[in-house]
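Taking it in order: structure first as structure tokens, then the write-up.
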């Protein structure tokens, strides 16, 4: 509904000769250059161990064959520390310890006592937030600004939230009795290492289960510091066990006969493999997989804030977010002005050293992931699509980094509209009316999240109703809270994490 | 030689004496004539000042996130735990509790604050609803705080019940003037200090040491008081009678301690409609 | 979005769009700017630039000739003596300690200020149009402006008619600004929106566009007499309005946050925000000013802390 100005715009903008009524002109290049100096967060606040062990039955121990592997700091490409490589024997040991702890301790103590342990853990996480944040950044590559201000506060909040449910389960499932399942086996990804650990461990413990968890192989260090917190909180031995390693360790864990419930967050390929392997068992399973979420901007959106939301939706955490708004669906009549603002905003994104407090976009988690991004981007370029990258951005000479980018004029069939890139690359599609927007948004095997930008309440509610996505963000994006259930429709997974609804995955219910 | 302390009131985050200047002795349980300390007796004017402080604190407190309220309640639990010795000492010397009874009392009091700390960010998930009305309408009901009110301990000290009800009121975003029973007025001092050091904003909880006979009629007829919670039946009829003038909500604390009941009665439900359509 | 139709001499019908602003989104974006860590060289350059952007202000009932005289002396030379030498020895690109952009006073002091600042490059800005409330008929507001200009004002800071704006008489608000700008001619006109009285970002955005279309050279947040004064949020909304206006018409408008900016830390946050929105092109005193009085001393303190490693005591800096 925007009206074109009656005056004609001149095509060529001569910025330096325009004056305002009183004759003021724009500053010249050399007048004042506000370049930000480096502002590094001191890494000395955390003691990174040279080598991390397994955590079984309340103690740290070497892997049975004493094997290890290296964890790299993706900002430098250099080794950060060594991680123990668990064998099948270690997995057996861990599960046995969890089973024993369940039978002897965790199912015997009162719900109130369980809550007290979780509150303690939450408090300790708050106290050690700074060191945990720095380690998270060094191990995974995300900017310190994010790990400090987003990840860690949420980690503590998840433990606080679930601590309070432990002795109130009768209200979470009115009319039903909730009992724990037993031993849960959990496998988590590398994009939010501690946060994913919190999402898994907190509800499992609150509902009375015991845990064996395997972190991602590229980010196994921070959870070991969390294990130290479990020790400090005097969590009974065996209630949480951590085994480190890659795919094989995960497979051994989820297939173990004494694991009663499996929870997995990660890629669709692995998720489907897991679902297949436990299909013949009676293990309960929840999966939180990938997405290709649409961020829909209507003509009546608050445009400047919508630009911010789109930027945040895809470039936050380098795009390593399962619910990233990786598709922009823009109403065609505001497309030009929106893209102009988007490009302008992209120039302000600072890509660089994740430990620099001014970095907005950190390192890509690993060489493998960087290769994957390049692969899909090349495929997109081969389709002849318009590809744009931030012009003012310069990448560090070492480590794995990628410039914020977008593909324009993408069709629903394009590889960059269908495949999850898991990097800072946006795919832009347009639509003419709300029904078309909904159809395009739903036109995907995924269904994790969606964004809706409009200043019209009824439209937001109607669109939200029609979208096949588990999380709908209206006039905002990438908001997480322990009280808010998270999870996807269709192939983005099954089950919800967080909130009252998220508890049901971890209990047996009897009417 | 010991330095003795007069127990003052706790209003608006400060510790004023009663404007009436009245003071009464608190006797040791063992002696009945030996004075442990003196405490200020709250007057009608103190009560009115307390309600005014509550009213100022109402908006900001309800606007805090549920998480924040939960954190503050947990802090109260932490501080109570740290200072439990002081409280136990008072129960033993003034009310004649045994060591074990005093110990259990504190355990339950702390448990109350931990319990409701964990309820602050959950009760709306249990009590609210999305209502499937007919027509293209989005309709939801959610609980809000009532506002300023009174929590009256009554004729005897019931510390655990008091903590239960207080914690539930704070969890739901209400602000409160507590009329503490003079049978153990000394409790007011460490209790106020715990509240004052737990990030509870000034005016959210005020503590007055008062005999019910004097202040109950005042509380029951004060129109800015929107709810009264009683821990005993004694003044229930009187309060209900006076409450009709501004339709005060009158609550009798439930008997079973920590549960959703105290929370469910401390809220008002708001239902909102919004059309759904392009 | 809805349009407001106005009559204007330039175009038969002038349309101003009501642009909706999401408040939560604005607040989140401003938090982003507050997280920037500006240290070392970038901090020093920012601090010096801030001084050059300050409109040193005195707008009190108790202002006297003496007060204004001392203010002007300060404007010309914010520090003297040992500290001045420390600065000049460190920065050999400077021949003298940086001066502020302007002084801002009531019309009755313009003549004196102009005399004291003649030839220095420091501008004389005068508030006008029945500042701060603006509750007088147009005839008298015009006379106010004419008097100030005649007395030698280089810049006029006018207030919009909030009565007319809040009751929906946008034509009146518009016409008044057009009229004042006509009187100003080449004298630079700042239009104060008084964001603290407009309350919502939607209204601030609309008022910004109204003022720019009517010929404002600068849009300014506040008179400093109403709380809140400038906030990062209201400033951001105004900067976005300026950006849109420039994109659509090529017209350059400056911005001045005023009122409540007391510390160097805050001022740096505003500069960061300017840097990441309108960008380098606007990072000049010609297009960005801080309306402040106590800010100067905090900036000086930070400068000398960085130069000498010591926090200087309050007495080291002038209280004028």
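Here the chain labels run A, B and C in written order, and each chain numbers its own residues starting at 1.
One rule holds for everything that comes next: a residue touches a chain if its C-beta (ideal position, glycine included) is under 8 Å from a C-beta of that chain, and two chains touch if they have at least 3 such contacts.
Since the model is a prediction, treat every value here as computed from it, not as a measurement.
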Pair of chains joined by more contacts [C-beta pairs], A-B or A-C: A-C
Most central chain, Cα average position: A
Reference chain B; chain at largest CA-centroid distance: C
Chain B-chain C separation of Cα centroids, rounded to whole Å: 49
Euclidean distance of C-alpha centroids - chain A vs chain B, Å: 41
Footprint of chain C on chain A - complex, ascending: 1-3, 5-7, 9-10, 13, 15, 18-27, 29, 31-37, 39, 145, 149, 300, 302-306, 308-309, 340, 348, 357-358, 455, 475-476
Residues of chain B that touch chain A when the two form their complex: 66-67, 70-71, 74, 111, 114-115, 117-122, 125-126, 136, 138, 260, 274-278
Residues of chain C touching chain A in the complex: 1, 3, 11, 13, 15, 17, 19-22, 24-26, 28-29, 35-43, 45-46, 49, 181, 184, 186-189, 215, 217, 240, 247-254, 271-272, 275-276, 280-284, 286-287
Chain B-facing residues of chain A, complex: 112, 115-116, 119, 157, 160-161, 163-168, 171-172, 174, 434, 457-459, 461-462, 465, 482-483, 499-500
